[in-house]
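Letters A, B, C and D name the chains as they come in the text, with residue numbers starting at 1 for each one.
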Amino acid sequence: MNKILFFAHLKDAVGEESIRIDVSGKTVAEVKEFLAKEYELQKLDTAMTAVNEEFAGDEEVIEQGDEIAFIPPVSGG
Amino acid sequence: MNKILFFAHLKDAVGEESIRIDVSGKTVAEVKEFLAKEYELQKLDTAMTAVNEEFAGDEEVIEQGDEIAFIPPVSGG
Amino acid sequence: MDERYSRQMLFAPIGEQGQAKICTKHVLMIGAGALGSSNGEVLTRAGIGKLTIVDRDYVEASNLQRQQLYTEEDVEQKLPKAVAAKRRLKAINSNVEIRAVVGDATPEMLAELVGDVDLILDATDNFETRMAINDISQKFKIPWIYGACVGSFGMSFTILPGQTPCLNCLLKTLPVQGMTCDTVGIIAPTVQMVVAHQTAEALKVLVEDYEAIRSSFVSFDLWRNQYSSIKMSKAKDKGCLSCGEAPTYPYLEQENLMRSEVLCGRDTVQIRPPKHGDVDLDELSTHLSALRYEVKGNPYLLSVEMDGNRMVIFKDGRALIHGTKDIAQARSIYQRLLG
Amino acid sequence: MDERYSRQMLFAPIGEQGQAKICTKHVLMIGAGALGSSNGEVLTRAGIGKLTIVDRDYVEASNLQRQQLYTEEDVEQKLPKAVAAKRRLKAINSNVEIRAVVGDATPEMLAELVGDVDLILDATDNFETRMAINDISQKFKIPWIYGACVGSFGMSFTILPGQTPCLNCLLKTLPVQGMTCDTVGIIAPTVQMVVAHQTAEALKVLVEDYEAIRSSFVSFDLWRNQYSSIKMSKAKDKGCLSCGEAPTYPYLEQENLMRSEVLCGRDTVQIRPPKHGDVDLDELSTHLSALRYEVKGNPYLLSVEMDGNRMVIFKDGRALIHGTKDIAQARSIYQRLLG
């Protein structure tokens, strides 16, 4: 099982701060694609991904128990 | 085993951000007394205590695996 | 108005309705130092209806490093902070009604000012005033937001009467000696970070978005890269004399307050803490020497020369401030050093 | 000076030595909007030697809700932000040398300004300028501090050439459309919190306390009560064209920049992003309507009336800004809406 955390407006789009779902074996890119479809999230492809509070690239493979978070970079200032 | 986290100037006084030590079975008050002696910390009696990121009173008993943190309230402004 | 607050109304949790609420609300802010400057500016820019500012000090050179409403000219004129703050805030937003009160935030004064107040913002520099704010908040059912900082370390907690634990639940007793900005220093980013938390919570209270209010106690250290958020519901104490089932509001009572009196014919103010404490004179001496004050002492007392005053501090917390008959000034000096 | 910075020198990690360093350092700040106002004020109060401020905009009423250096008078006078900022900062600390540059922070300008600069502070409102700052930082080996915010959400990351990953490692490509303060709003506490992180890091860089520098990427949401700190060392990409083994500094090259040109005889500026994007016109239309702009559109383009200008945005990111021949103004309008 994995925990997926959503930050900022992603939290509102999904409707929850976190969900529990098994995505072990998938790459980060595949998880993004899956979630984008499931929750109609448009901007996941530009979101930074953290696995267990550490930066993860698109090709990283998720393991059992990993906690995944998505941080959408913003440009305002 | 327990993990004890030190914030702010307590981190400098102890010399580390966290230590690992078994204090299960002791109350929060007893842990404070023990640490105060061990590390010559004067102000632990007024520090707020959190166990597993939740407020804990002086009489609360520590269990195996609990993570303890001390936050010293300050008055500046 | 639409144009001025457009970016704030675009923020969905505020919107037009939230802005309309903000514009009718009255905030009482205790203190116009570092936290007060910055809190006051954020709320004034946000367009609150009325802001009452209470402060007993005047602007000094050492304030300029972090107290964002003040300029070199305010220092030259030795303006009271509440007055200098009002002047700048009016230039920023002339629509906000601002009342400047120069004086000590005693329980009596707080009770007088609190009439139509929707929120009390803590920007004081000592626990005694905070405990009085805490009791006033409970007695009159007005939310308040605790904020404090020293060095690179800061904290905040939102207190809603009838819901959250109160400051007395957390502290149980008045800490005798805390670190203060006058003893271990302070950097401006710490102030900004406390204020970010306080004003975000203030906006939630003002637009009545109670679900969004932070129920945890936040603390952080910007130099040591720490951040912690502690769940607080277990701290609520039914027996608490401030917020429990049979409240007595102890910090509004004379016997629990710091007493101060002008000593007859001596140009000296005596200050006595409510309980006999145990001041660490060695540590205090080290800090004050680092501050370049001339410090002499023995195991029973410490004598400090500072800016034309001489303060003698005894081990039990009692102090004599020589060279003044002004009680508010003497209390300010005392609390800046002893927290 | 001793008195003025006494509370900052009392803070042990700065001390007298740190203060002496701060007073000799030169910071280049790009942008004088919300982040720029507050960053500039903190550093000026802290007593940095020299501050160079670059900004292309003038003060507008909608800035006052969060841009802390500006007053109603600045709006009336339509002062350029860099000029108004300098005026206020000089009143706050006349010891700091302040240079105000009114203009667009192009790669050429950045390369010219960067001579003796010790640190670049990011206070811009768009990724294109940030990527140029990032390449300049790598090319000239100058640290920079990324900061950004929108709504109640903000983030910061400290980039040290030769040590940490850079912004190009994280983003890989320029995001076509981000949320901006002009499309989804912003509250002032978010600004203060980003600035708290940026200025704490700035002070660490200026006093050369490299051990204390935060190596994680911080992001937070003050309304949703979130805070996250992500370890970043794995993000460092050896093949990165900005900081890798064979850097080409792509965002300093003309072909990767947004192009803009005055259309001959038409009082119109055309803007073309470096790559064909895919703008979500529906979403943009919704945001702009909420902002009370008059918006018309079809599946291929959107036409927006705003403050005397009309902007036509095409689905590939190209835009025409009618009613101006001023390229800097046109770029500002474009980037405020499209990020």
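Annotations
Everything below uses one rule, namely that a contact is a pair of C-beta atoms (placed from the backbone, for glycine too) under 8 Å apart; a residue touches a chain by one contact, two chains touch by 3 or more.
Source: prediction; values computed, not measured.
In this assembly, C is the chain whose CA centroid lies farthest from the centroid of chain A. Taking the mean of the C-alpha atoms as each chain's centre, chain C and chain D sit 33 Å apart. Centroid to centroid, with C-alpha atoms defining each point, chain B and chain D lie 41 Å apart. Annotation: 26 Å between the Cα-based centres of chain A and chain D. In chain D, the residues touching two or more other chains are 151-152, 181, 184, 186, 224, 229. Residue positions of chain A touching 2 or more other chains: there are none. Per the contact rule defined earlier, chains pair up in contact as A-D, B-C, C-D. Note for the complex: chain A touches chain D at residues 5, 7-9, 11, 17, 42, 46, 48, 50, 53-57, 69, 71-77. Considering their complex, residues 31, 33-36, 122-127, 130, 147-155, 165, 170-171, 175, 178-181, 184, 186, 217, 219, 221, 224, 226, 228-235, 280, 339 of chain C touch chain B. In the complex of the two chains, the chain D residues touching chain C come out as 2-14, 38, 41-42, 45-47, 61-62, 64-66, 68, 70-73, 91-94, 151-152, 181-190, 192-193, 195-197, 199-200, 203-204, 212, 214, 216, 222-225, 227, 229, 290-292.
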